[in-house]
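Below, each structure is written out as structure tokens.
Shared between the two complexes below is chain A, which has chain B as its partner in the first and chain C in the second.
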Partner chain A sequence: MAKLLTYSEKNTWIHRLCGVTKLIFFILWSVVGMVTYDTRVLGVMLLLSLILFKMSKTDYRQVATIVKVVGFFLLINVIAIYAFSPGQGTKIYNCRTVIFHIIGPYDITKEQLFYEFNVILKYFTVVPIALMFILTTNPSEFAASLNKLGIKYTIGYSIAIALRYIPDVQNDFNEIKLAQEARGIDMSVKVSLPTRLKSMFAIIFPLIFSSLERIDTVSNAMELRGFGKNKRRTWYSEKKFSKSDYLSIIFVILSSVIAIIITFYDGNRFYNPF
Partner chain B sequence: MKKSDIRSVAAIGIGTALFILLTLAAIPVGFIPNTQLQTRVAFLTFMSAIFGPVVGGAIGFLGHAIADASFYGGVWWSWVIPEGVYGIIIGIFALKFKIEDGGFGLKETVLFNIAQVVANIIAWIVIAPILDIVIYAEPANKVFAQGATSALLNIITVAIIGTILTKAYSKVKSKTSSLSVED
Partner chain C sequence: MKNPIIQFENYTFKYRTQKEPTLKNINLTIYEGEKVLIVGPSGSGKSTLSNCINGLVPFSYKGDIKGKLTIKGKTPHKAGIFEMSQIVGTVLQDPDGQFVGLTVGEDIAFSLENDCVKQVEMKERVYQAAKTVGVHELLRHSPQELSGGQKQRVSMAGVMVVGCDILLFDEPLANLDPATGKYAIDLIDKIHNESKKTIIIIEHRLEDVLYRDVDRIVVVANGGIVADLTTDEILSSNILKEHGIREPLYISALKYAGCQLKKESKPSNLNKMELGAFQCAVRDWYQSVDIKEKENMNSEILKVSNLSFGYDDQVEVVSDISFSIKKGEMISIVGKNGAGKSTLSKLICGFQTPTKGMILYDGQDMISDSIKERAEKIGIVMQNPNQMISKSMIKEEVALGLIARGVAPEVIEKRVDDTLRICGLYQYRNWPIQALSFGQKKRVTIASILVLQPKILILDEPTAGQDFRHYTEIMEFLKKLNKEQGITIILITHDMHLMLEYTDRAIVIADGKLIEDNSSASVLTNRDIIEKASLKETSLYDLALRCDIDNPTTFVERFIQYDREVRSNG
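Entry: the complex of A and B
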């Protein structure tokens, strides 16, 4: 089973920030990234996110596979956009500069290339921040800090349980897989796809049923400990807001506003150099 | 807080964890980007049908968002939101399925599949493409083709895996009708 990207402990100022600060940062960043199609704004955002990523002292090796996966996904996506709509760029930028002709409606136009370049840029402005958010935020501290935003603690607690139980459920998966293999189920590439599918069911069904039992066990334990008795609860891994938290939040709010103003300054969300 | 509410909190947590891991148990189809036969959709349908709209919506939304971030390094909100909506729509009919009472018979199976077809169409052919167009300005014909493909694949996945799973679970649960209230 592929390795899931999880929190890795380091001591940088980004790691020391509150989970909630990083969540606000991530949400605003991805909202601006979604709204704007302005090449200049996207470029600056990408540059900033790479600088922040560097500051978080994340090894490239940790994220190399994911970057490759995203790259591959984007490549197919960009090709699909072209295949389905080679004139999308012309439609957006209202002009048409043909570089050369391929076949039928498929021309390579400057506008289409520029539009597809923006699509790629748009995806990549969010990737470093999302990776950083996952890698630098302690799950329990994050659940605790959600409560600070005024979100009900039951929701924060659900998320904490989810993050806490991923390794356990993954263990279950591996155990069931080994047990089924010992009974003669073949999951390797040597068997045909339908057989592999059937073997997949032989693992997934016990996994789901054992997880349902786990839900009962966990909820009984929570009830015994008086979960939900009071309106408020305290958190073991709660962090106090520090000066750098306030500064980060002010920074991201200001830069979001500036980015939106620049984006819409010339009437719409696209930057038109043509 | 009632016992059932505590159970919902635990169900959202563990359901989300399993949903995220089942992302790895997907079978890629290949010809249209980001479309797969996803076992996790069958699981989401199953959970929503047992625990109702709140748990279903939360597992879909949180599970998809966290899985996106930790496997693909980005969150594609245009596909996260429909997943939550899908869970909510299935969950609305939860009481009608009588799964926990062991009453998941032919009538419930039909209703379950009608609900999943409707929910898949609303989520993937209506909401997801519209969000893709609004957020990413992608060409309409491309996103509708993409949405229709994943709706179709999801409908097939849920019709097979989801139905078998739900039936099997309901069989384990005892029928309430096997006991009668004493005066």
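Entry: the complex of A and C
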């Protein structure tokens, strides 16, 4: 559980890249992924993102829950698109090939299916890259990267320190939950939802108090060691830009440009096979 | 020529939120290269004193300052907390909370990062500092992978890397098991000898600190300094006792034996002390103490047999443990951090299901009982009261377990009142919990468990971080519960004093196995067990040896019995 969606140290070329590189890569990749509906571009991106995901040696179990949640939202999204605008495909591709009729305005058309297929593709091109970005980037190094891009280090550091204390708070939570269960506060599915919500307070209240205590210690400890003294600070875990960083950035910029050119070559964001 | 490095002159400090000053007219000089121990009961002002030195006062804790404080020629409240952090390095009490980095290396580097030190130089300095405290092979480890002792060593490296002239240790022993604590004191001593830095240790576990020599002991009480003497002078006097600080046990034993301690006999170190005529006196005293018959307890209330548990198939956290506890007993479970003590208590309370073995309560297997059902037989009180308290008023908090069980309101009213009376909290029943002291909060959590009328109470480190007065207060309360209410009490602890003084029997766990089940006195005089379980032998044992007493275990037992009588009469 504790390892869910946290940085795990492995020695692949993706792990060795700078946080800045990966951030730039992730941002450009997502922008292109969001802008384009061009099936050819999406197809290539999907292939690449799966290859990269594989290369990062990410353990699927670490992301399984997130993939399921994203899958669930994707399903809702796809259904909602169909429910609210069953003719969207026709509008985009300017033709209508009915496969069969359901009810009222609801036809199943080839165009609509193709459009929704593209929506699904978009999810799958961005999600593996996003997960990979989180799992292969050391949070402190990421904070250092943000700082390098001109963002105040206190902001980057607060992300890093939150990640540092999440396992501790998780631990507190479990301990408190057990102690309260022993007193007879039932939080299992056996009791009704309102009772369960009320019971949750019995955990949250002590959790807040023990977290406040923790925050007090942490902020004193940080201040005693000079945090916030200077406008700038250096970073122990900062990485130097290497050749592969430059290559990765050049690669992602070039391919983004190409992808955008291909996408807009025929006047709009869509690839029309019809 | 000794140069003063810290100088308090008629120094008074009052917190903004308080009416009375916490420090009153302090005059204290600490010289360069000295090693000073500051002791004092909770609330005496010793923590405030340390916060004045490192600059948390007045920058984090606001208030009014009168008088003068000079540290290495600087005035802290003018220099600012950051400048002070270059002069004074502080190792805080909680090794977990102050670990701010995601890895050991980063945490040690933290000050250097804030000081804009270049990365290449930083890596070298971090490595050197880590090497001094022996964590240089763990630089890439995350805090979750470290033990309490290792975390503390990382904190030490983190302040040493700066090259401060003064190192301040705020209760360095509070969260460590005895053997690790001994190691920490050794390490501080080594740092002192090698670096010639000025060292200030704030601690109330005096005997454990004195394992290595200190130059001076400063006793703080009621916001003032009541003594500033050498260790030999302090131990020869009654100052410690008068101010609620526990003397080393061998000193108490010598005093009971009627020995007139003088600083010339060097009482600060038992091994170097000149005992001379004292040996005879101790032997006579030993012969004169009668051993009382132990009460015979027959009926068994809890039996654990062949209990095993592991989080996965490979490692067993608890392995084949068997023991039995009699009704009305008060017993300790001891062992180093991570030995499996807490897991054992979780198995007994049903938080975890054993992979093998049985737990019998009153002869009946408890395996099918839910957590809630077990809680009516066996209650567990956690170490940190803040982790248990979930209501704002005392009465509501104590009633919580009964309300959850759907007990009738009149019955709840009565049982809560009865429990509050037993716990001495009845007069506070309508108080908000946040207004209580730590010891009182602890009693509220005990009351909220007792109200369910369990026959067994398990307490995890009930006195952690408490000074001698609060320690005595909590333990005497538990003893009363045990004697008057007949509640069986199991204490999970690594406090050797507690185990020796309050429990006749101790179960020792090491690496998930039960390695000893014997009287506390014989556990603490058994070198082999002490080493395996990271315990620390009692100084009474060494005293017995030095006085040629042939049975040290009996000596320890007699001392404890005598001490209990003296304390319950006095």
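Convention: the second predicted complex is superposed on the first by the 257 of 274 C-alpha atoms of A that agree within 3 Å, B and C clash if a C-alpha of one lies under 4 Å from a C-alpha of the other, contacts with A are read in each partner's own complex, and residues count from 1 in each chain.
Everything that follows uses one rule, which is that a residue touches a chain if its C-beta (ideal position, glycine included) is under 8 Å from a C-beta of that chain, and two chains touch if they have at least 3 such contacts.
Worth saying up front: this structure is predicted, and the values here are computed from it rather than measured.
S.K.: For the three-chain model obtained by superposing on chain A, do chain B and chain C clash or fit?
M.R.: Fit: chain B and chain C sit side by side once superposed on chain A.
S.K.: After superposition on the shared chain, which partner residues are touched by A:F133: those of chain B (first), chain C (second), both, or neither?
M.R.: Once the two structures are laid over each other on A, A:F133 reaches chain B alone.
S.K.: Going by the contact rule set out at the top, does A:Y236 touch chain B (first), chain C (second), both, or neither?
M.R.: second
S.K.: Which holds for A:E223: it touches chain B only (first), chain C only (second), both, or neither?
M.R.: Both partners, chain B and chain C.
S.K.: For the superposed arrangement, I'd like the angle with vertex at the C-alpha centre of chain A and ends at chain B and chain C, nearest 10 degrees.
M.R.: One gets 70 degrees for this angle.
S.K.: Where does A:F84 make contact in the superposed view: on chain B (first), on chain C (second), on both, or on neither?
M.R.: So A:F84 only meets chain B here.
S.K.: According to the contact criterion defined above, which of chain B and chain C contacts more residues of chain A?
M.R.: After superposition, B is the partner touching more of chain A.
S.K.: Tell me which partner A:F201 touches in the superposition: chain B (first), chain C (second), both or neither.
M.R.: In the superposition, A:F201 touches chain B and chain C alike.
S.K.: Which partner does A:I261 contact after superposing on A: first (chain B), second (chain C), both, neither?
M.R.: A:I261: touches no partner chain.
S.K.: Once the shared chain is lined up, is A:F209 touching chain B (first), chain C (second), both, or neither of them?
M.R.: After superposing on A, A:F209 lies in contact with both chain B and chain C.
S.K.: In the overlaid three-chain picture, which partner chain does A:I66 touch, first (chain B) or second (chain C), both, or neither?
M.R.: Touch status of A:I66: first partner only.
S.K.: I'd like to know which partner A:I166 touches here: chain B for first, chain C for second, both or neither.
M.R.: After superposing on A, A:I166 lies in contact with chain B but is clear of chain C.
S.K.: Which value, in Å, gives the least CA distance between chain B and chain C in the superposed three-chain arrangement?
M.R.: Here the least C-alpha separation of chain B and chain C stands at 8 Å.
S.K.: Name the residues of chain A shared by its contacts with chain B and its contacts with chain C.
M.R.: 2, 160-161, 163-164, 168, 201, 205, 209, 214, 218-219, 222-223, 227-229
S.K.: List the residues on chain A that touch chain B in their complex, please.
M.R.: Within the complex, chain A contacts chain B at residues 1-2, 4-6, 30, 34-35, 37, 63, 66-67, 69-70, 73, 76-77, 80-81, 83-85, 88, 92, 119, 122-123, 126-127, 130-131, 133-134, 154-155, 157-166, 168-170, 173, 197, 200-201, 204-205, 207-209, 211-212, 214-216, 218-219, 222-223, 227-229, 269-270.
S.K.: Which positions of chain B touch chain A when the two form their complex?
M.R.: For this pair, the touching residues of chain B are 1, 3, 5-7, 9-18, 20-22, 24-25, 27, 32-34, 39, 43, 46, 58, 62-63, 66, 69-75, 77, 135-142, 145-146, 161, 164-165, 168-169, 172.
S.K.: Which chain C residues qualify as touching chain A in the complex?
M.R.: Residues in contact with chain A: 54-56, 59-60, 81-82, 85-86, 90, 92, 94, 96-103, 105-106, 109-119, 122-123, 126, 140, 143-144, 158-159, 162, 346, 349, 351, 371-372, 374-375, 379-380, 382, 384, 386-391, 400-401, 404-405, 448-449, 452.
S.K.: Which of the residues in chain A end up touching chain C in this complex?
M.R.: Its residues touching chain C are 2, 9, 138-140, 160-161, 163-164, 167-168, 172, 175-176, 178-186, 201-203, 205-206, 209-210, 213-214, 217-230, 232-238.
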